[in-house]
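Okay, here's the structure, questions in a sec.
Letters are used for the chains, namely A, B, C, D and E, taken in the order the chains are written, and counting of residues starts over at 1 for each.
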Amino acid sequence: MQAFIYPVVTAIVIALIAALMLALAAKFMSVPVNETQVKIREQLPGANCGACGFAGCDDYAAALAEEGSTVKTNLCVPGADAAAAAIASILGQDAMDVIEQVANVRCSGLCDSTKPEMDYQGIKTCAAAKSMFGGPGSCKFGCIGFGDCERACPYGAIEVCNGLAKVNREICVGCGICAATCPQKIIDIIPDVKRVFVACSSADKGAVTNKLCSAGCIGCKLCEKACKFDAIHVEDNHAKIDIEKCKNCGLCAKACPKKVIHVYPKPNVKPMVKVG
Amino acid sequence: MAERHTNLIVASAPHVVSPANTASIMRDVLIALIPALAVSVYVFGIRALMLSVCCVVFCVFFEWLSRRIMKRSNTIGDLSAAVTGLILAFNLPVRLPFWMAAVGCLIAIVVVKQLFGGLGQNFANPAIVGRITLFIGFASPMANWTITSRMSQAILSAAEVDATTGATPLALSAAGLPVPTNMEMFLGLINGSMGEISAAALLLGGIYLIVRKVISPAIPVSFLATVAVLSLVFGLDPIFQLCAGGVMLGAIFMATDYVTSPITTTGRIIFGIGCGVFTMLIRVYASYPEGVSFAILLMNILTPHIDRLTRHKTFKPAEGGASK
Amino acid sequence: MKKTKLQILTNGIIRENPVLVLVLGTCPTLAISTQAINGLGMGVSVLVVLTCSNIMISALKRIIPDTVRIPCYIVVIASFVTMVQLALKAYLPSLDKALGVYIPLIVVNCIILGRAEAFASKNSVIDSMLDGIGMGIGYTLTATVMACIRELLGSGTIFGHTVTAGTITPFTIMVMAPGGFFVFGCLIALVNKLTKGKAREKQQNKCLGCPGAAFCSQKVEEGGAEE
Amino acid sequence: MGFSKHLNGVHVNHSKNTAGLPIIPMPAPEKVYIPMSQHIGAPCTPVVKVGDAVKTGQIIGDSDARTSAPIHSSVSGTVEAITQGMTQAGKIDTIVVIKSDGKRELADTVVPPEINSFEEFVAAVRASGVVGLGGAGFPMGTKFNIKPGTVEYLIINGAECEPYITVDHAAMLEFTRDIIDGIRATMKWLQIPKCYIGIEGNKPDAIAKFNELLKGDESIKVHELRQIYPQGAERVIIYETTGRIVSYGMIPWNAGCIVANVTSMLKMSHYLKTGLPLVSKYITVDGDIVVHPQNVLVPIGTPIADVIDFCGGLKEEPGKIILGGPMMGRATPSDEYSVCKSNSAILCFSKAFSNQRKETACINCGRCVAACPMSLMPARISRAFKDKDVEALKELDVLYCMDCGSCAYVCPARKPLNFEFRQAKAMVMEASKK
Amino acid sequence: MSAATVFYIVLSAIITNNYVLSKFLGICPFLGVSKKLDSAMGMSIAVIFVMVIATAVTWPIQTYLLTPNGIGYMQTIIFILVIAALVQMIEIFLKKYIPGLHKSLGIYLPLITTNCAILGVCVLNIDNGYGFLQSMLNSFGSGVGFLLAMFLFAGVRSKIETNDYPEAFKGVASTLVAASITSLCFLGFSGMLEKIFGM
């Protein structure tokens, strides 16, 4: 009988002592933690992309937990509606939809549509190349094509093909890291619902652009005439679309002689035209 | 208007570069190893040459193969694999079966170097790890020393007394037997790993490397000096300790491997001293007779820390000096 | 998505192999895999403990209060470990001697605690048992394979039977510490290759490589450590 | 760090092929293309219109900004166009195109200035259009616009440590007297007690000539610099002559010094004597494929192609054309760019010579660490740059890199180290802005 | 106990019988927390701390409670209970009274409960038949040995962390190969301490 009692009693006594001490310790030495913040942080994807405007996910969670109602719950673009809803429910607020954003490259100059101006033998990044006479291409406004954006994208949504960055709109969450990285500043972050874009940023005069790139906007203003909503205008020698006014009709794209206005298919429909 | 020149090369300054490149440095190391190779062929016979060629060929082959499998650029042209192969060969006893040497090459090139991304990214010297692995893995073949008629009388007579003592001078010394004279040690008329026997030939190579500015004297000098000083401290003959075993080969060719040694001169001196201290500690106290390779490996592992602590101080005014 | 019983059972063998994919229980695997028999013995011991503790914890999951669940799990596991230890001592004393301290250390083998926390505390008794058996087989296979490789290369034998010894000089370093790390690394690389990198994502993305993964309240990342 | 210790550097092959050759003036080209930003600071706005007739030395661009220098027409003729275009500085800039009438008539404004006060001196220096002609392009007028008496040392940079370039050397031999006059004027108006003329030891004739003319003048001393690149870098020459340390975030004035290039001093001196502003530049034309390597006096704005033609053209299709020295100069994409104030050389190299950089892996040899004059750790900075580790870059003091290129010169792996560091600096600046 | 014995026990636990590199105890944190030197050192110091305290508690329990009552087999259960409670206690204590230390060590404490090196050292002290003082020395030495291994390996990892590994070897696999090479150099010291201290 003793063979059973000793181990059981010892184990119980030691366990009790340990439990008691821990319970006492927990009671007298506790330090409060902000659990809301931890919970919110768990809902965020942890990409630390900064699309919310805070310095990383932790920061955003802290701001939400501490300032509550003053910080919007729908700022996390990568986490999309799911994260927004989860955060809202943690904070006991109504869920808000995230305005889905997507990146768009304002250039269509593929390797065969434009020519290099020099034999660039430096570091193969766009930022470095830009510091050398504005990049190896003869057009100084377009995509340099060394893929700084591709390396920066945490989602693998942007890729350089044939010398031009292309965004995969299915994967892109619109976090804006590529736009911040691009030394040419030709990547825009725009609401996903907008589907008509001018894929050129050249500020060269039409004649110059025409000489340098077969896929460049020459500022002919045919699109301006085609647009029924006064949404497209030529500024800085290339067409620009006013996002507020654009109704996605695509008439400008039909009118464009250089085919630099692209129309993306509606979301959730298989893409018909690939970017660029 | 003149004839136009367009589409020129645009690259960043400087537009001129020093003549030394990786391949030329490695070539210099290979040249510096020739005297030691010659001595080992003289002492051990033609098999020394065969084993060396075998190691070089295997190393280059493994380098080529692994780069190919990883679908990366071919790097055998930088000659670093050939250098590894030759140095590894120098660390082997001349009778070692060729397949064992090949295992060493496999470990050195594939495991230690290419698995970590290739030249410049390994943290331990490939030849050293190759040697240690063989040394521990194939303990008896790696201690199977050969006696030839060109060796010192002390070794020949020791072999006659006891057939099992095909031993190195260090083993003789440990066993309390008479050891070769210092001159014989210096010239290399002894047995041991095939490339490390002749201190004279290795020194010649070392001087060549220093003159060609391939290596800085910091590591060899501090390493050898530490060994000498510690020998005196332990009451041993410093010349014997310097010429015996792998100290010369290690100090001149293995500890000075750029990739695995510190980058600053101060760091290199600390590295050399560390190598010397551990070498002597292992020689005197541990169960292995020779500690050079363990010492260098340990210092290789410590190199990141040494580098961290011996950083150059940037040229700037002392704290609180005039600033904007 | 609900997994079928078969999936639960086979999950642990390759796709979520506890050692090679989740990188749990590395210490005993490395330490005992010098001989195939030890690997097998260790594997079976873990299998038994894992299955029993999974069943027990799953059965008790409603009774155990949430706040003290970890100590409770540990006690349950420790009890089974002690039983296995006593059984080995009685019936296989040579194996017990060979495995030595690593038998009591099964208690802190993260596989067991990890499965208790991640699976058994949330699933039915039957599922938990299957999970335990599957994971246990995964562990046993890995430990045995690794031990076979090391024994073959390092001593030229497998399960003590001479294979190459005598014809090829054994590469003794394989049964020493460096050989253990190396073979383990190569096996993980092999699994990475077979799963086309999916295994690596698992190794990196969660803190599965650390022993406290199951119940670590503060993420280690905060302190700068990762994996 | 004691004064006795020298800064690191690299031994570069001097290749001073044109040393001892006289400076040959080049006739006005058909057209000159004068960019409006040839200096550090605010770009000038054109003050002429298309169709205007201009004369040599007439101001065609000016700015009100404190840090700026006026730009003068280098030829006489008519303004043909004012366009936007890429300049040799790699930026898009306003360019005034002047069609030369071939006469190079001087403007009426070219009369020696009258100087009676510090203010008038500074105004004259500014009006001369002289900028840091060694390559930096900092306006002299701004540099000298300090409180008189606050500077202890005037340092004249005659190191000319870049290989190939010999124009400073030629100018020092030819116009020694003018340079000394310029120095004396500067010392007088800025109340500087002491002047060092730093000349690298490979120009003993220039050192001898200065010593001879300065006999008995204790305030101006010639300092023979070691023959090691980069002795001419501002921070290095200040340290080597005075032992003072100027580093990132400081200007020489913080250390009580003013540094001026020897040619800048000469051009300023010429302006004070004749009133002719900076309209032409001494240029070394050299390189393995130039038919007649020589030193030329080139009107500013002359296309590179014209200068090369003047020197007999090229023996073969060039691989690289470099503006400036081979250590810090810029390779241009084409020879359509024009010469500007801060150029001192045009070097043309064959394709074979240019294609010598094939990057391999860093082998940690430590040559870059031994070479860096700023005692940085280039190999580690390069690694941190590769890892995009901004914290480490900052900690490794990448901002103190002065882009001298010593590290990249010695690198056996042919890594473009200093180019990487330029990117790294941009990364650090970007991060600290946030 | 002579000074030589003291040094022998401590040094052999540090070098020749290094817990991590020759006994494979505490591999998880060795691989997991060695990426940065700071965290590696924090973890190691926490381990030394807990090891010594755990030994101080478990040794008397075994010697005075379990063995005399013939329930030595309860060792595993009791030890792990005690260690778990101890770690928790230490954490709560540090959090309250030495928040600075808690900030630097605290995050490692929960990981230590299941660090097999802790339980291992407690069990091995008993298995080896060490007395109390010897056990304490052995625990301390083992902790320092852990620290040494972490220190060396943190350096190695800082150097190789961002290498371009072959695809399959990225991550844990390459870390293990690096550990393999690191453990190699410890073999060189075998027999050294026995010779020095004449054991």
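Quick note on the criterion: contacts are C-beta pairs under 8 Å (C-beta built on N, C-alpha and C of every residue); 3 or more make two chains touch, one makes a residue touch a chain.
Predicted, not measured: the structure shown is a model, and the values here were computed from it.
Traced through touching neighbours, the fewest hops from chain B to chain E number 1.
Each of C-E and A-D has its own count of C-beta contacts, and the greater count is at C-E. Chain centres were defined as the mean of their Cα atoms; on that basis the chain farthest from chain D turns out to be C.
A separation of 62 Å divides the Cα centre of chain D from that of chain E. Annotation: 68 Å between the Cα-based centres of chain C and chain D.
Chain B and chain D, compared by their mean Cα positions, are separated by 47 Å.
Chain A and chain E have Cα centroids lying 45 Å from one another. Among the residues of chain B, those in touch with two or more other chains are 6-12, 111, 118, 121, 133, 136. Chain E has residues 73-74, 77, 81, 84-85, 166-167, 169, 174, 177, 181, 184, 187 in contact with two or more other chains.
The multi-chain contact residues of chain D, meaning those touching 2 or more other chains, are 332-334, 357, 416, 419, 422.
On chain C, the positions that touch chain E within their shared complex are 23-24, 26-28, 30-31, 70-71, 74-75, 78-79, 81-82, 85-86, 100-101, 104-105, 107-110, 113, 176-182, 184-186, 188-190, 192-193, 197, 200, 203-204, 207, 209-212, 215-218, 220, 222-227.
Partner chain C is touched in their complex by these residues of chain E: 21-29, 31-33, 35-36, 38-39, 42-43, 73-77, 79-81, 84-85, 106-108, 110-111, 113-116, 118-120, 123-124, 127, 166-177, 179-181, 183-184, 186-187. Residue ranges of chain A in contact with chain D, taken from their complex: 55, 117-118, 121-123, 125, 127-128, 131-134, 140.
Residues 100, 103, 111, 133, 136-141 of chain B are the ones that touch chain C when the two sit in their complex.
Looking at the complex, you find that chain B touches chain D at residues 1-18, 20-22, 24-25, 75, 78, 80, 118-121, 216, 258-261, 263-265, 268, 307, 311-317, 321-324.
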